[in-house]
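Input: a single structure, listed below in structure tokens.
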Amino acid sequence: MESENSRRPLRQKVGDWIESERIQALIIAIIAFNALTLGLETSAYVMRHAGGILMWVETVILTVFVIEILLKLFAFRLGFFRSGWNVFDFIIVGIALIPASGPLAILRAFRILRILRLVTKVQRLRHLVESLLKALPSIGWIVVLMLMVFYIFGVMGTKLFGDSHPEYFGTLGATLYSLFQVMTLESWSESISRPVMATYSYAWIYFLSFVLITVFTVLNLFIGIIVNTMQEKHFEEEDLKRQAVEERAHEEREEMVRLLRQLDARMQRLENGSGTVTEGPGRD
Amino acid sequence: MESENSRRPLRQKVGDWIESERIQALIIAIIAFNALTLGLETSAYVMRHAGGILMWVETVILTVFVIEILLKLFAFRLGFFRSGWNVFDFIIVGIALIPASGPLAILRAFRILRILRLVTKVQRLRHLVESLLKALPSIGWIVVLMLMVFYIFGVMGTKLFGDSHPEYFGTLGATLYSLFQVMTLESWSESISRPVMATYSYAWIYFLSFVLITVFTVLNLFIGIIVNTMQEKHFEEEDLKRQAVEERAHEEREEMVRLLRQLDARMQRLENGSGTVTEGPGRD
Amino acid sequence: MESENSRRPLRQKVGDWIESERIQALIIAIIAFNALTLGLETSAYVMRHAGGILMWVETVILTVFVIEILLKLFAFRLGFFRSGWNVFDFIIVGIALIPASGPLAILRAFRILRILRLVTKVQRLRHLVESLLKALPSIGWIVVLMLMVFYIFGVMGTKLFGDSHPEYFGTLGATLYSLFQVMTLESWSESISRPVMATYSYAWIYFLSFVLITVFTVLNLFIGIIVNTMQEKHFEEEDLKRQAVEERAHEEREEMVRLLRQLDARMQRLENGSGTVTEGPGRD
Amino acid sequence: MESENSRRPLRQKVGDWIESERIQALIIAIIAFNALTLGLETSAYVMRHAGGILMWVETVILTVFVIEILLKLFAFRLGFFRSGWNVFDFIIVGIALIPASGPLAILRAFRILRILRLVTKVQRLRHLVESLLKALPSIGWIVVLMLMVFYIFGVMGTKLFGDSHPEYFGTLGATLYSLFQVMTLESWSESISRPVMATYSYAWIYFLSFVLITVFTVLNLFIGIIVNTMQEKHFEEEDLKRQAVEERAHEEREEMVRLLRQLDARMQRLENGSGTVTEGPGRD
């Protein structure tokens, strides 16, 4: 609509151009290509033979990303940061600009996070992620409860088994990690519970109750999400159907009531006026 | 409402004060702070440098908790014990008062259970726990069945494999623990079933049937809870909606029936009296 | 009703007596007590000190069970075998009568199966087991499919890895057991897949496809049972509610139609009559 | 219908014959028998004593399968390839014809895939597989998301841990396999995460976030299928019921409206013409 207006400011022109379908498709292709080159960088063989080219490609792609974001910043100014997805893009690209040397060398490994930008560009993926995130609040309090259970068993485990089994229960952090492992049921008995039971024979109470409580709670968390998803996804369309059916029924009933009222009115006129009707029955 | 009544007995004043929002918020804050200090106690480093302070803080907090419960006991007397949550609070605080020395030293580790008092104080958590507990009765008989399966396989396992594999099947207790491990599928084959099969080649029948039976039963227990939760959570509100729709439809139909009866009556009068109507149409 | 008839044959009297609530409650108590004594037999300590008594108790209890079944056979003759639960009882008790010596000594361990008789005696348990078994047919074909998947991967695995890893894939039976272990995800990678991959680097295709296929199939089996259970348990009562609502609506609508027809008839008579009464209006 | 036409071309006769119930039942029996002989081939004992016979049986059965497909190709020509199931049959039988020597010897193990032809022949199995496959598209985008998560963690893991733990994270392929193992929760902590954490203490962030993200995503994938299946299976029949109920209600309401309109018309005629009524409406 606004494209007719050829005298719109430069900022708007730039904004329209950068968000045009053609340019966005190009950016998506570049992100996908970047994912490939970052994957190739993990191969020692490829790095030996084509490391220089990959570095050069990386620089070019990063430049494109930076220019895209700069143009968007120019076009939309602070409005750019209003969308959570834009902020996400900004951080992802920003990480790549930090000189990754010394203790920050680890940040180089984070560049692959850039392919998450696909999620912000491809609508179907964005909707999917949004719907996954939407399920989170409904499980908020059950997560609080779970954290309390972890904290209680964490403090107890550290105090009870910390001295004898420092590898698994030495510090609160170590205990919490071990409890997470127990919750996933990974080697909970052979590597953790049985060795502890060899020292403290009563330890089975601690582990069995933790397993039962967390599995039961995770189960309920799970059920909470199922019930929620079913309500949202299914029953909305179910409701629409039912509403349509009910709407028709309601209209038909209203029509009937209207007709009945009309009949009743006619009838009453007839009853009241049947004496006077003889004179001049002209009214409708 | 009753706060206007300034001459209410001291007991009631104390009860109102201790249950006032301000005081309860303070107690919640103290519980959370206590959780933190109990967590810090697990750190050997912190205990070396600030152990004295932590012990002192612990004493102060415990005193506050004891005073709170004493005031409540004074205010509500035996009525205090009518609520399960109060009994729970009473026991949790009571444990901390037992002199934790000698064989009872283990009770010191139980002090962290105090943060469960948050559940009794924060309504959302209390409701959540209550709804979790409400799911339990519906699975009662399936748990009985499960216990029978465990007992049967427990006795059989002890008799069959007890002599050759005492670590896993030496006593009924050891076998039941091993069966619990098998049910969670943790190392059931590598650590338990395969070694036993090396001695008794037919043992796979025992383990496979146990795995299949318990997994199938747990699955059904699980489904029982899902079906139950869905019925409770979802269908109640669904029912309310449907009732509202049906209510309107019913009212409209009743209105129609009423109008029809009225019409019929008019009609009958007309039919019967249409001869006399001309004379004096005064009746309504 | 028939108890008034004091001259009913002896067989019927015996049948009524053995199935009376009092006798059945006694049998239930004896089964529970037997479960306890069979559990005690697993303890070497108890056997040393009270083994003789336990053997004697066992003989007495077995005698009671045999008498119960003999009386039932006398009372109901071959009709006794019409109920699957009776056949089950008969076999369970019968096993205990086989002289458990030599290669049959293993049957002694099966005596604990007797506590399953509780299921046949306690109605709630019987209903629960029946409802669990009722879920089985609905998963019949998916089990057939699963068996085919196991057979295919079993034959392939034995041919491909049998020579190099005889412990896990030496025979078709060994492979099927290993595949069951893989399906439960127990040490599938560390103990089975990784060692095989060390020999045959392509083996990951075999294991990943097996894991994905079986997990997906088990998932669908699971979903099949959920959907089935929900349809049966929930929607029946839902349907009843909806039918009640619809019934009322239908009756109200029928009443309206009846009234309308009546009105119409009255009206027609009025119209027809009002015309002939004066001029002679032939219109319908 | 067409069987009356005795002069139909040979191609059609052959097509009818090969697809006749009798011949197809025979083929099913041969497939099942072939499954048995292929299973027997895995036994070294059987191969020693009856290997020659099994080879001969194999040749005969393969010949039958080839003839069946050739006849079908003759009968339906390229139309044969229109059904996905036929293409599947063609490939399965084709594999067996490749001379399995040298590097292709592995194809001999694929002959057991032939029993999958049972799926194409038995309708119930075909329907089941089709319904399983139908559930796949609904999870398409969530699989794309999952692949992205695997790729991101794969590249990061290889860069971060590749040098210190080459067995698990040496190449991108090795890392992806290890991540799959972590996702199935198999020995994820004892064999993978703990050793890595011994080198890089921060590694728990990598593993915990991967476990939480994938478990949450798999959970949602799972829920997606449940919701989908329930909508399809259950609500269709539910909808049919509701439609039937609504249809009746609608018809009854339409009948009422029709009757009311008729009444109203009569009434209006009466009102308009009531001038003549006054004279003599005496009957009934």
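Just so it is clear, A, B, C and D label the chains in written order, and each chain counts residues from 1 on its own.
Quick note on the criterion: a residue touches a chain if its C-beta (ideal position, glycine included) is under 8 Å from a C-beta of that chain, and two chains touch if they have at least 3 such contacts.
Owing to the predicted nature of the structure, the values given are computational and were not obtained by experimental measurement.
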item: Angle of the C-alpha superposing rotation, chain A to chain D, to the nearest 5 degrees; value: 90
item: Interface composition of copies chain A and chain B: same or different, split at half; value: different
item: Chain A-chain B separation of Cα centroids, rounded to whole Å; value: 28
item: Centroid distance [mean C-alpha coordinates] between chain D and chain B, Å; value: 40
item: Residues of chain B whose C-beta touches two or more other chains; value: 185-187, 226, 230, 249, 253, 256, 260, 263, 267, 270-271, 274, 278
item: Contacting residues of chain A [partner chain D, same complex]; value: 35, 38-39, 41-43, 106, 108-110, 112-113, 115-116, 118-119, 124-125, 128-129, 132, 135, 177, 180-181, 184-187, 191, 222, 225-226, 229-230, 233-234, 238, 241, 245, 248-249, 252-253, 255-256, 259-260, 262-263, 266-267, 269-270, 274, 277-278, 281
item: Chain C residues within the chain D interface of the complex; value: 141-142, 144-145, 148, 151-152, 154-156, 158-160, 162, 171-172, 175, 185-190, 204, 208, 211, 216-217, 219-220, 223-224, 226-227, 230-231, 235, 239, 242, 246, 249-250, 253-254, 256-257, 260-261, 263-264, 267-271, 273-275, 277-279, 281
